[in-house]
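What follows are several structures.
Two complexes follow with subunit A in common, the first pairing it with subunit B and the second with subunit C.
Up next, the complex of A and B:
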C-alpha cells in the first residue's frame, strides 16, 4: 500500500473513484444494518425471548432503519450513478468534481457520527427510525443527538450531490446525447435527484429543530399545546414519502436499462414510463405524505384527499409494471443473472405495491398501520424492488467496471437463495397483520411463533446469500475471465463510448489489461497530480484535500455540538469550525492559483437549459433547495404560531424601528450588489470593488445590529429558559440564526471575491462568480422579506 | 437591466417595508393586517427574483424550474395548517 495509493483514495475527485468509495462504504453500512436486522430477528424468532433487552431491541430497530435507508440504500445507488451516469451521458466527470468528493466525505462523516452513537453512555437512538417527537425526547443522552446530527450531515451531502448530478445530466451531455437518447438508468437518476433536491431540505429542518431541542434547550417538540407530534409528522413525512421513491427509482431505472438487453427488443412503452415517472410519480410523491398520518387525528377531509392521492400514485406504477411485462411477453428472454434479479425486482414490487394499495384506505390503515403487514409492505418495496434492481445493476455492469466476467452459475444460485430467503422472510409478515410491530417480545398467540420463526429462517437465508455476491464480485475482480467488450450487446454509451478524448478505460472496444481496469487504476495513482492531467485510467485526474478536510471539520464540529455545553464539546466546535473555514479558504486559494482546474466541457446537448451557464444553473438548483429549507423552517414557525393559544403580542418583544432600519440596510445591500454586477458588466473593476465593499459594509452592519438585538433580547428575558417566552425565543433564534449564518457565509464569500477583484480576475467578459454571488445575496434578501414581517409585525 | 430600473426596485422595496410597518400600526384587525403584510412581503420577493436575480430575462425552462419548490412548499404550508383542524 503505497503513500500515493492512500493519497489517491483520500483526495480523489474522479467520478469512478468516488463511485467506488460510495459503493464499498455503503456495503459496509449495509453490513452493519444487516447485523442489526439479524439481531432483531433472533430476538423475535421465538415467543417470550430475552436474547435482547427492550432497550437494545429498540436501538437495533432504530439504527437498522436509519442506517439501511440513509447510509445503504440511497448511497449504493449513488455509487453506481457516480460511476455510470457520466459514462452514459458521454461526460468525462461530473460537473463539480470537488463537490462530488465532498458529498461522499460528508456522507461518511454523517455515518461515523451515527455509528459513534452506539459507543457513548446510554447508547444510541431508540425511538424508531421515524424518530417520532415528542416520543424521541425521552431517549436521553448524547447518543441520539449524535445520530441526529449525523442525519443533518447526510442530508447536506445529499443536497450537494443532487445539485451536482442535476447540473451534470443537464449540462454535460455529449453532442448527440439528447434527452430522448438518455439511457433509462440516467433518466431515473434524474428523477431521483429532483425528488432528493426538494425532499431532503425538510429533513434537515426537522432534525435541526429536534437537535436544537436536545442541545440548546429549544422547546419545539417539548412544549405542551403545540401539537408537536403533528408538526414532526408533517416535516418528517413530507420528506419521508418521497424518500420511498428516492430509494426505489434507481432500482427501477436499472431494471428498465437491463430488460432490453435480455429480451432482445427495445423497452416497451419507454415514453409512457418516462412521462408516468417524471410528471406523475415525482410531483405526486410530495402530495401523499399524510397517509402516514391517518391515525394522528387529522381532519377526515384531509384523510380523504390524501387517500385519493395515494391511490392515484399507484396508476403510473401500473403503467411502468405493465410496460415491463409487455417487454417480457414480446421479447425472447435470456435468463442471465442481471435479468433474473430484474425480474425478481418486478415481482417483489408487484407484491409490495398491492399491499400498499390497502394502506391507502384510512379504514384499512387503521387496522394494518401498527402491524407487521406494514413492515412486510415497505420491505417488499424498498428492499425487494430497490435492492434486487441494484444487484441486477451490479452484475450487469461488473464486466464494465472490472473488464472481467462474473461467475454466472454462482450468480444464479445467489438469485435463487436471495429470492427464496426474501420471501420466506417477509411473506409471513403479511399473515402477521394481527401482530403489533414495535414490540420486543410477544406471547405465543395463534401462529405468531411459527410465522416469526419462519421469518427469522428467511432472514438468515437472505443474509447468507449476499456472501455469494461479495465472493462473486471479489473473485471476478481478481480472477474472472476477461469479459467481451460489450457482453450484453448494449447500445448504451457506457459500453460504446466513442466520444472525443476517450481513453482506454472508457473505450469498451479495448481489451482490458490483465488486472482489469480497476487494477490498472489502482496502480496508476501517480498520474493523479494536482493539475489537470490525462490519466491512463481514462479521465483527467485531480486530487484535492479540501473535500475531506471540510468534512472532517464538519464531523468534529458536530461531534462537539453533541457534547455541548461541556468544555470538550466547545473545544471541538471551535476546532471543527476553524478547520471548515480554513479549508474553504484553501479551496478558494486553490482556485486562485489554478491548483485545481476543471477543463472546459466541449459543446454538447444542453436542452432545455442551453442558454444557462453551468455555474449559474448550479446556483439556481442550489437555491431552489434552499427555498425548501427556509420554507420548512418558516412553515414550522407558522404552524407553531397557529397552534399556540398564547404568544407574545407583536411589538412587545422586538424593537420595530430597529428591525425596520436593519431591513432597509439589507434591502439596500441588494441594490449595491446589483450595482457591483453592473459595474463589471461595463468592465469597470474599480467600481466593482467599491460596490462590493459597500455591500460588505451593509451586510456587516446588518449582522452587527442583529447581534446587538440578540443581546438586548437576552437581557430583557427573551431567552429559551424563560417558560413564558421559550417557544417564541426558540423559533426566533433558530430561524433568524439560520438566516444570519447565511449572511455571514455571504460576507466571507465577499471577502474572497474582493481579493480576486484586487488581482484583476474579473473582466467585462468573465465575471460569472460575481453574477452567481449576486443570486445568492438576493436570495438572502428574499428570505428576510418574510422573516421580518413574520417575527416583528405579525 | 438598466440601473434606473434597479433603483426603482430598491425604492419599491423601501416603500413596501415602510408600508408593512405602517399597516402594523394602522390596521388593528389581525387577519386584515396579516393579509396585507403577506401580500407586500410576497411582492418584494417577486421583485427581487425578477429584477435583481433577473429571472425575467432567463429562459422559460429556468423560470419554470424556479416555480417547482414554491409549488411543493405551498402544499406543505396548506397541509400543515389544515392538519390543525
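Up next, the complex of A and C:
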C-alpha cells in the first residue's frame, strides 16, 4: 500500500487499469443488487410474510433493478471491453484515455449517489426501476432525488464512454486489423456502443426532467392535463428497449468469440450474425418501444404495427442463435468452463427469447403485462444470456488478465449450480403469469406459495454458486498455476500480441522471463500499464488527477442539488461547481504544458474513416449523441404542447423582436467563428485572435440578453410557481437553459482557445482544436435555430 | 385448469386458444433448437485425436436462409393468430353491442386511486372495490386514475388496461352467465337463487403504485340482467 499504489489506482488512465476498476466496482454493485434480490426472495418465500415492509420491498425492487442494470450489467461488460477491445484491435490504449478514466469515475460517482440514497431519511427510490410517473415524482424525500441524479451521472458516463470506444474501434486499429478481422467481442461492443450512443441521451433527458420536477418544481410529470405518464413512457422506453440489447449484446459477443475456440472450427454464419445484429437489431431496437405500452391506450392499429416490428426483431436473433448451434457441427467440442457458460447462455436465451415472442402479442399482453411472466422473460435474457456470456468471458480471459489458470473443476461445479439454480429460480415465474409483479406480499391462493418457494430456493442456489466464481477468480489471481501464453490456441490479437511484436511500447523493452510471458506480465507492467511509473522529468506521464477531480466535483455538486434549497445544498453545489471548473481548467493547462503523455498512434487500419482526424471523429460522434439529447427534450416539449389545450399565445410571453435580435447575434457569431477558422487556415494568428474575440463577445452578448430576458420573464409572472404558466415555464426554462449551458461551455472553451492562440499554438497546418470547436459552435447555433421558432414563434 | 360445465367468457376463451398456438410454436421451437444443440454438442464432442478434423467452411448461408424462412413462417403464423384475436382488444361501439346482445353497451367509469377502485355506474351510483356487472351484456369500462399510474386487470377475462391520470382508456368484456369459470386463485360465492355470484379479488392492480399496490384488489359481482335492470331503475 505505498503512495504510488494509491496514486496509480486513483489517477490511472491506462485501459487495463480502468478495465479492472470497472470490473471490480461492478462486481461490488452486483453484490449489492444480489443482496436486495435475496431480501425480496426471502419476503416472497411464503405467503403473508412480513420480513420486509411494503415500503422497504418497493425500495428493494427499485434499487435492485437500477443497480443491476446500470451499475452492474453494462459496466462489467465495459470493464472487459476496456481491457480487451484495445488488445483485440492492437491499440496501446483507448482513443481518449483521460475521458475513459473520467467515464469510470463518473460511473462510480453516480453509484455512490445511488447507494447514499439508502441512508437519507425516508430511504431511496421506490417507484420501480421503470420510474413510472407521476408516482416517482410524487414520492417525496431526498433519497429518490439522489438516486435519479446518480442516473444522470451514470448516463453521462456512458455517453462519454461510447464516444471513446467508437473512435477507438474505428481509428486505433493496428495495421492489418481490418474490419473483417475484428474479433467478435469487439464487433459486438461496437454494436453496443452505437446503441448506447443514441439511447442514453434520452435517458438523460428523462431523468433531468424528473429531477427538475423534484428539485426546482417544474411540472412536467405533475400536471395531469398532459398525460405525464405517457410522456414518461415514451421517453423511458425509447431508451429502454435499446437498453435491453445494450445489456445483451456484449454477452453475445463473448459467446460468439468463445464458441470457435472450443469447437476448433470457425463460427458458422459470421457475416450473417454481423449483418443481423448491426443492420437489423441495433437500428430496429429504436422502433419497437411501444410494445411496452400496449395497454396505455394507444390505437389498436398501432399495437398491431409495434407487434409486427417486435416479431421482426426476433428474426435476426433466430439467425444468431441457430448460427451458434450450427457452429458445433463437425467441430471438436471441448467442454471447458467458458464453453459451458457460453452454451448455457445460448440455451437460456432460447427460452427467454421465445417468452419474448409471447409478450409481443398485444392480446396475450392483456394477461402477461405486469405479471411474473415478464419478470421471468427479462431475467432469462438479461441474466441468463447476458451474464452467462459475461461469466464465460471472465473464465476465458482470466489467464490473460492474471497469467494464471483457474480451477477447471470448480468452474464446472459453478456452471452446474448456476444453471440449475437459475432455472429453479426463474422457470416457476413463467407459471406465475397470473401473479402481479412488485407485490410485497400475497395470500396463499392457487399454487403461488409453492412456486414462489421454489423460486426462492433457486435464488439461493444461484446466488451462493457465485461465491465459487469469486473464490476461483481470487484464488487464480494469487495462486493459480502459470498459464500457457495462449491456453485456448486463439488466433485473436489479445493472445498473440506480444508474440507478434505488437506488444504495447512500454513492454517491448522487457525481456520475456522464464516460465512464460503472461505469468510475469500479470504482476508487472502489462497489467499495470505505463501508469505504474511516472514519466521521467517530473511530468505526470500517463497519470492524470483530473478525471477523479471532475467526477468528485460532479458528485458534490449533484449531492448538493438533491439537498437544494437547504443551506447545505447550496454550499455543496458551489463547492462542487468550483471543483469541476478548476479541474477542467487544470486539464487544459496540463495539455498546454504537455504534462499528459498520450500513447503514440501508429498508422493503422482506419477504414472507412481514414481521412477524418481522431478528435474530429470524436466530435462528430459526440455531437450525434447531442442531437438525440436535444431531440429528446424538444420531443418532450412538442408532446406537451400537443397535449395541452391552453398555451400562452405566441408573442404574449416572449418578446419576439428581442428573440430575433438574439438569434441574429448567435448566427453572426457562427459566421465570425467561420472567419476565425478561415484565418488560421491561411496561417494568420492575429486575425484568428480577432475573430475568436468577436465570437466570444457575440456569445457573451447572447447570454447577456438571455439573462435580461429571464429576469423580465420572472418579473412578469412567467415562473414555475404560477399555476397558469407553470408548464410553459418548465419547458422554456429547461430547454433554453440547456442550450444556454451549451453556449456557456462554449464561451469557457473559447477562453482556453484564445489563451492558446496568444501563445502561438495554432498554425496553418495545426489547428485541429479550432476546427472542432467550430463544429461545436455551429451545432449550438443550429440547435438555437430550432429552439427559437418552437418557443418564440409558435 | 378451465374444465367443468361452466361457460368461459369469450375473451378468456380467445386468450387461451391464442395462448395454445403460442405454446405449440414456442415449446416446439424451444425443444427442437435445444435438442439440436445438445445432440451436436454430444455428437461432436472432442474424443482425443480420433475425432475427425473440424470443419473449416466459414459461411453457412444456406442455413441462414432456411432459418430466416422457417422463423418468418412460424412468426407470421403466430402473428396472424394474434391479429385474428384482436376482437379481444377492440372496444365495441353501441351498434356492435346491439348486434351482439340486443342492448347497448354497459358503460362503467372507473377511477383508480391510491389504493382502490372507484366504479361509477350509469345510474350514478358508485362502488369502491367492487365491480358489479350484468351477465349477458357487453361491458365497457372507461378507466382513468386520480393520482398515479395503475393497471386495471381482470385475469379471469384476460382483460387488462392501464389507468392513467389525465387519460381515459377502455376495456371490454362480456360475462355469458352469472356463474362462469374462474381460475383457482379466485374464490366464488353465489346465491341459491342464481341471481348473483361474487368473485373475490378478481380485480387486481398490475402496476407498482406505491405501498398499497400489493393489496389493491376489488371483487367482481356478476348479477342477472333482471337484477341489473332493477338496480339501474330504467336508466
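We take it that the second predicted complex is superposed on the first by the 748 of 794 C-alpha atoms of A that agree within 3 Å, B and C clash if a C-alpha of one lies under 4 Å from a C-alpha of the other, contacts with A are read in each partner's own complex, and residues count from 1 in each chain.
What we mean here is this: contacts are C-beta pairs under 8 Å (C-beta built on N, C-alpha and C of every residue); 3 or more make two chains touch, one makes a residue touch a chain.
Everything numeric here is computed off the predicted structure, so don't read it as measured data.
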Touched partner set for A:140, first subunit B, second subunit C, both or neither: neither
Touched partner set for A:127, first subunit B, second subunit C, both or neither: second
Which superposed partner A:234 touches (first subunit B, second subunit C, both, neither): first
Partner chain(s) touched by A:448 [first = subunit B, second = subunit C, both, neither]: second
First, second, both or neither for A:751, with subunit B first and subunit C second: neither
Most subunit A residues touched (candidates subunit B, subunit C): C
Touching partner for A:302 - first (subunit B), second (subunit C), both, neither: first
Partner chain in contact with A:350 - subunit B first, subunit C second, else both or neither: second
Contacts of A:779 with subunit B and subunit C, given as first, second, both or neither: first
Intersection of the subunit A residues that touch subunit B with those that touch subunit C: 227, 230, 296-297
Complex contact set, residues of subunit C against subunit A: 14-15, 18-19, 22, 25-26, 29-30, 33-34, 36-37, 40-41, 44-46, 51-52, 54-61, 63-64, 67-68, 71-72, 75-76, 78-79, 82-83, 85-86, 88-90, 147-149, 151, 153, 155, 158-162, 164-170, 183-186, 201, 204-215
Partner subunit C, residues of subunit A touching it in the complex: 53-55, 58, 61, 126-128, 132-135, 138-139, 224-230, 263-272, 295-297, 300, 303-304, 307-308, 311, 314-315, 318-319, 321-323, 325-326, 328-335, 343, 346-347, 350-351, 354-355, 357-358, 361-367, 369-371, 434, 436-442, 445-448
List of subunit B residues in touch with subunit A within their complex: 3, 6-7, 9-10, 13-14, 17-18, 20-21, 23-24, 30, 33-34, 37-38, 40-41, 44-45, 48-49, 52-53, 58-59, 61-62, 65-66, 68-73, 75-77, 79-85
Residues of subunit A touching subunit B in the complex: 194, 198, 202, 227, 230-231, 234, 238, 283, 286-287, 289-290, 293, 296-299, 302, 608-612, 617, 620-621, 624-625, 627-628, 631-632, 635-636, 638-639, 642-643, 650-651, 656, 660, 663-664, 667-668, 670-671, 673-675, 678, 774-775, 778-779, 781-782, 785-786, 788-789, 793-794
